[in-house]
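In the two assemblies presented below, chain A is common to both, partnered first by chain B and then by chain C.
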Partner chain A sequence: MAAPTAPTALDRGPAPVRKPAAARGGRRRPRLAAWIFAGPAAALFALFFAYPLGASLLQSFTSEDAGTTRWVGLDQYRRMFDDPAFLKSLFNTGVILAIQVPVMIGLGLALAVLLNQSWLRFRGTWRAVYFLPAVTTLVAYAVVFQVLLKTDGGLVNQILGALGAGPVDWLNSPTWARVSLIASLTWRWTGYNAVILLAGLQAIGKEQYEAASIDGAGTVTTYLRVILPQLRPVVLFCVITSTIGTLQLFDENYVLTRGGPDDATLTPVVYLYKVGFQQLDFGYAAAIAWVVVALIAAISALQYLVFGRERRR
Partner chain B sequence: MSTRPTRRAVLATGLAATASPLLSGCAMGGVGGGGRAPEIDGKADDKGGKVSGKITVWSWDVAAKAMKRLAGDFEQRHPGTTVDVVDIGYDNAYDKITIGLRGGTGLADVLTVEGTHMPRYIANFPAGFYDLMSLGGRYGGDFERAAWHTVTGPGGKLFALPWDIGPCALYYRTDHFRAAGVDPRSLLTWDDYVKAGIRIKKATGHKLIIQDPADKDAGIFPMLLQQQGQHYFKGGRVAVDTPAAVKALTLMKALGDEGLVAYERGWDGLVTGTKEGKAATTPTAAWWTGTLTSEMPELKGRFGVVPLPGFTADSIRTSNVGGSTLAVPAQSKNPRLAWAFIEFLLTRKDNQISMLKREGLFPAYLPALDDPHLSERQDYFDGQRTLDVFARLARNIPPVEYDKDDAKAADIMISAVTGVMLHGRDPRRALGSAAGQLARATGRKRAE
Partner chain C sequence: MTPLTPAPARVHPARRAGRCLVRLLLALGAVVSLVPFLWMAIAATHSTPELFRSPPPFLPGGRLLDNLVRLQDTIGFGRVLLNSVGIAVVHTALSSLISAMCGYGLAKYRFRGRGLLLGAVLMTMMIPFQVLLVPLFQMMASVGWIDSYQAVILPFLANSFGILLMRQGFVDFPDELLESARVDGSGELRTFYQVVLPCVRPQLGALVIFTFMTQWNSFIWPLLMLNTEDKYTVPVALNTLTGLSRVDYSGLMLGSLLATLPLMALFLFFQRQFVAGLLGGAVKG
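== the complex of A and B ==
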């Protein structure tokens, strides 16, 4: 990935001059050697990437019955509008997007700012500790959360009990299952985002803080008016990847609740898995996959337009 | 040094890297298409046919354990053969089998498939298994008829041989019943059962039953349906709002409304809840004995078994939960040996009895039920002849129609059952709307 030196408020001049198109096109044909080097990657890409992609698109226009495949046009896509389970999975995703992503990015930002303080010792250790949940294996994660959130005798309920609050049915009540899912997602991914945001913060030179302080800005103003605007691309990166992650959510809710209870934590991808691999309705599953991709593209583009453009006044 | 990526790069890589696996994960070639189930050539074992070579067998848990044990015996009787039993674990078993059937490659020579799952594989992959009718058809009368029904397909084909079944009865805590002064043999109907539950709760504080309506089977709902002779479809039509279904769900609602249900999550919740004595009864299948004896030996002498309560005083007092079959996928390179092993394992009394004794697998092979072992007193149950209770019930299990869309139905039924038990919805209306939804999702008509 291209990683140009960060333009600061001071040195940002006119946009870098691009070579005219004619000059770029004027090069000779790529040599054989280039193809040999690119060949293996291209072949693997075609085999494991382009072919399945195309096959799944074709499959989404078909239906299977008794081993024979029929072309059904857009029928599989039409089914989604009339499928309460699919609509509910979209609603659940909306709830998570609206609550979990902002909370997580906010926490991640706060954490990144803390980790970036010069007085902080053992910074590497802290960073590793907060990053750890993102690389924890799913099985360990599932077991730990099942034990923590057990209705009877789970650690969380024991603590609540000691404080005089009644036991909460964390994984079996639709509302609390959503809360549990949001909490566990936040636990798993806040550190990951914080580390990315921290990298962005570290790219901002000390002189920026000094300049702001000389101009009479307090700490809060410095962060809100000077630092945050420069962090915008990194925040946008976190928001977009988190949004994509949420739309593709599978692991966490699959291991915690299998999408239940009462479909309260069902997401489109868990539903897709059920439709494809449990109900053997592969055409419909492929159609759902493509709708999820279209949604991801649409929402990401929207976020890009709304939050990304503003800077270029 | 900067690590700030540009927005454009971010957007492009983010999309490409994360969106694509989703699509490719779902795409698999259109293999496994139409066609007919092939037959296994060659003579049957007892008619001079000779087998050789190697097969792989897929199974899980105690079933795998039983097969590993008996594979040695088989190899001794058939020199030159190797039977490799692999425990693939229940959690991934169906994903592996589905992908193997679809891809047309990668499966073992013998597959363990639960009876409830067989119809959806037969419907979706009619050419995916060997037709065993010419070799195994002669055993038709020897197998429990509900189980036999699950392995036979259209056109008189036999896609598997039934292995074990799960005849149902009511396990109860003798101490809880005694403390409340309730005679378990007086529970003739489910109404009696609810009334007894209220008394037991008042006298001992124990609830009556552990349930997880959000579990993959929607609690005891399918068991109650089969007791009344149906599953989710009847003659290919949606049958989830029939009078039988309404009766079943109304009973479950009554249990919930009276506060007789301990809601515990999944299989583990049922096991630990039972171990902790949370509920006085467990209406379930014969294989539950294996779990009781292995997981809670300290409760020896505390359990008894009576037939299930009926929906009327003279109706059928059992049902079926679980039970597996063994099938030979059409991609097997050594179907002769695969069949010989299945035949050895499942059509011999001695092997069936040893699997019942050692692994608690209740045989679908009826001649085995006449064995003296079935009428022995069981120490764990304070000397009660519990196996005899199940053996008698096993012959009365109502056969039901399983359907390729049962998985779809199950998902919808879980919503309906949780809606009624956890959110107080009306059973009739919840089932009515579930039926409509299922009819739309499957393109079927609704049963009258």
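== the complex of A and C ==
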């Protein structure tokens, strides 16, 4: 609000001419009302978001020895370069980004296309079934996967045994623990992405399918050549949210494997949690947190640039 | 093919085979999606040794009551369930109200600091909340709130996703109606509760369900804040069972089932609002 005589407190619409009643009693009232509405949330953000955020940034330049806090400049950030656990957590994130995200988005897309068939009945029920994993309580998710993947007697190994394959040490061997994490992440989030992609498909006009069909294109050609290219923004949305989710990954690997074995499923956020709350090395934990923030910002910006260029074309 | 399908006779055999294939693939996916839940339900009715015997049980057993009694004895499940419900209800009510009001303020008023607030809302969505964990923990410790319910509830009451969702709902509300309510002498707050809020019921429904689910599932923050057993929420209490040397898997499966069932019911009952809310925040523009 630059000028004090700005005529309207409303966001949209021209409304330059105020009605007399509003002008008399209520010219200042809407502005006060705005703060009654937005105030509580703003105060909560200031107290529980802005303040701790600033505190954590300051903390990342400090170190605590025997109860005294010392300013150490960029030392905490330098530590990360030769911290094998941190580097491994970055590597693990890279593996998940390279394997799990494409597999999940691909499967989600396939599911969305199957669910989008016009003749399919009970679509709502199918959708609910696929979405259910995403609404499971985290601890329940961890428990059920631990039981399913238990080395001796777990259901998965029993089925493998019946097929003649040896028992696999799903959660205790570094390689298989990674496989388990990727599989369980995919189980939990594929349906969620499929539901979003399905909504994107349904927003594409029916006449597009009909036009392609009149032009002699089969179902497969129609999807590959006509429909999927239009779905690009929604696919990109899913890719970006999944990428951010992977960079922030904590819940699944914390409850499934606590980041182990041998740090094979360690992610930066699980690591910062361990550094902060188990080793009580608050300064280092804060520095790791800010590197994660920077990574998310950088990758989001990159994807946004690519996205932006696609749009302009 | 049932008679409900229009003109079933015209479906070409090749196309029919294609449809069968689609159904088969969908069914396969559904099995993968549902097996963990079914296994959870079956496992909740068996003892732990029965779970891992060969072949595994495929039908419900008779230990459901045993498991329930044991769960009550070890973690006081009844009390813990009550804590979870109480925290989730209070948090959902307050958070939905605060988010709806903030969304309305952002959608319908211009005021100093509006841009800053909107920026903060967007920023909270970018920053992993674990960044805040240590400072928030220290804040709570310094005011002596560790092991209190307000420490669990307060920090996450202002919910960015909810604010944006509600703002989106309010933006389309016609300004003329607000203006005429003003002319009629209705106060801004009264207009909000009596005129505007009833018009965004779908978004509000989605927000309430989302918030409840998030709080019900919330794990790390309550784990850090609560340290007396009779204050635990369900996820925190179940987590204490996983660290033992001989893990009570069947008890855990029953506890997990009981923690998941309310969410599943809520989701299935309000599926439409839920998906609409999800997309309101996701696919737009």
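The rule is simple: the second predicted complex is superposed on the first by the 280 of 313 C-alpha atoms of A that agree within 3 Å, B and C clash if a C-alpha of one lies under 4 Å from a C-alpha of the other, contacts with A are read in each partner's own complex, and residues count from 1 in each chain.
Quick note on the criterion: contacts are C-beta pairs under 8 Å (C-beta built on N, C-alpha and C of every residue); 3 or more make two chains touch, one makes a residue touch a chain.
All values derive from a computational prediction rather than experimental measurement.
J.: Should A:304 be classified as contacting the first partner (chain B), the second (chain C), both, or neither?
T.: After superposition on chain A, A:304 lies in contact with chain B alone.
J.: Taking the superposition on A as described, I'd like to know which of chain B and chain C A:68 touches: first, second, both or neither.
T.: In the superposed model, A:68 contacts chain B only, not chain C.
J.: For A:140, select first, second, both or neither according to whether it touches chain B, chain C, the two together, or no partner.
T.: In the superposition, A:140 touches chain C alone.
J.: Looking at A:82, would you say it contacts chain B, chain C, both, or neither? Reply first, second, both or neither.
T.: A:82: touches chain B, not chain C.
J.: Quick one: classify A:37 as touching chain B (first), chain C (second), both or neither.
T.: second
J.: Does chain B (first) or chain C (second) touch A:206, or do both, or does neither?
T.: A:206 contacts neither chain B nor chain C.
J.: Between chain C and chain B, which one touches more residues of chain A when both complexes sit on the common chain A?
T.: Partner with more touched residues of chain A: C.
J.: Between chain B (first) and chain C (second), which does A:290 come into contact with in this model arrangement: first, second, both, or neither?
T.: The answer is both, since A:290 touches chain B and chain C.
J.: May I ask you to decide whether A:130 touches chain B, chain C, both, or neither, giving the answer as first, second, both or neither?
T.: second
J.: Chain A residues touched by both chain B and chain C?
T.: Common interface on chain A, chain B vs chain C: 1, 6, 48-49, 51-53, 55-56, 59, 152, 199-200, 203, 234, 237, 241, 244, 248, 269, 272, 276-277, 282, 285-286, 289-290, 292-293, 296-297, 300.
J.: So in the complex, which bits of chain B are touching chain A?
T.: Residue list for chain B touching chain A: 1-7, 9-11, 13-15, 18-20, 22-30, 32-35, 94-95, 98-99, 102, 120, 123-128, 212-214, 216, 263-265, 404-405, 407-408, 411-412, 414-415, 418-419, 422-423, 437, 440-441.
J.: What residues on chain C touch chain A, complex-wise?
T.: Checking each residue of chain C against chain A gives 5, 18-19, 22, 25-26, 29-30, 32-34, 36-37, 39-40, 43, 51-56, 98-99, 101-102, 104-114, 117, 120-121, 124, 126-128, 130-139, 154-158, 163, 171, 175-176, 178-179, 182-183, 185, 188-189, 192, 213, 216-217, 219-220, 224, 234-235, 238-239, 242, 249, 252-253, 255-257, 259-260, 263-264, 267-268, 271-272, 275, 278-279, 282-283.
J.: Under the stated contact criterion, what part of chain A meets chain B in this complex?
T.: Interface residues on chain A, with respect to chain B: 1-6, 48-49, 51-57, 59, 62, 64, 66-69, 79, 82-85, 151-152, 169, 171-174, 199-200, 202-203, 233-234, 236-237, 240-241, 244-245, 248, 258, 260-263, 269, 272, 274, 276-282, 285-286, 289-290, 292-293, 296-297, 300, 304, 308.
J.: Sort out for me which residues of chain A touch chain C in the complex.
T.: 1, 6, 8-13, 15, 19, 21-22, 26, 29-31, 33-38, 40-42, 44-45, 48-53, 55-56, 59, 111, 114-115, 117, 119-120, 124, 126-133, 135-148, 150, 152-155, 158, 161, 187, 191, 195-196, 199-200, 203, 219, 234, 237, 241, 244, 247-248, 250-251, 254-255, 269, 272-273, 276-277, 282, 285-286, 289-290, 292-293, 296-297, 300
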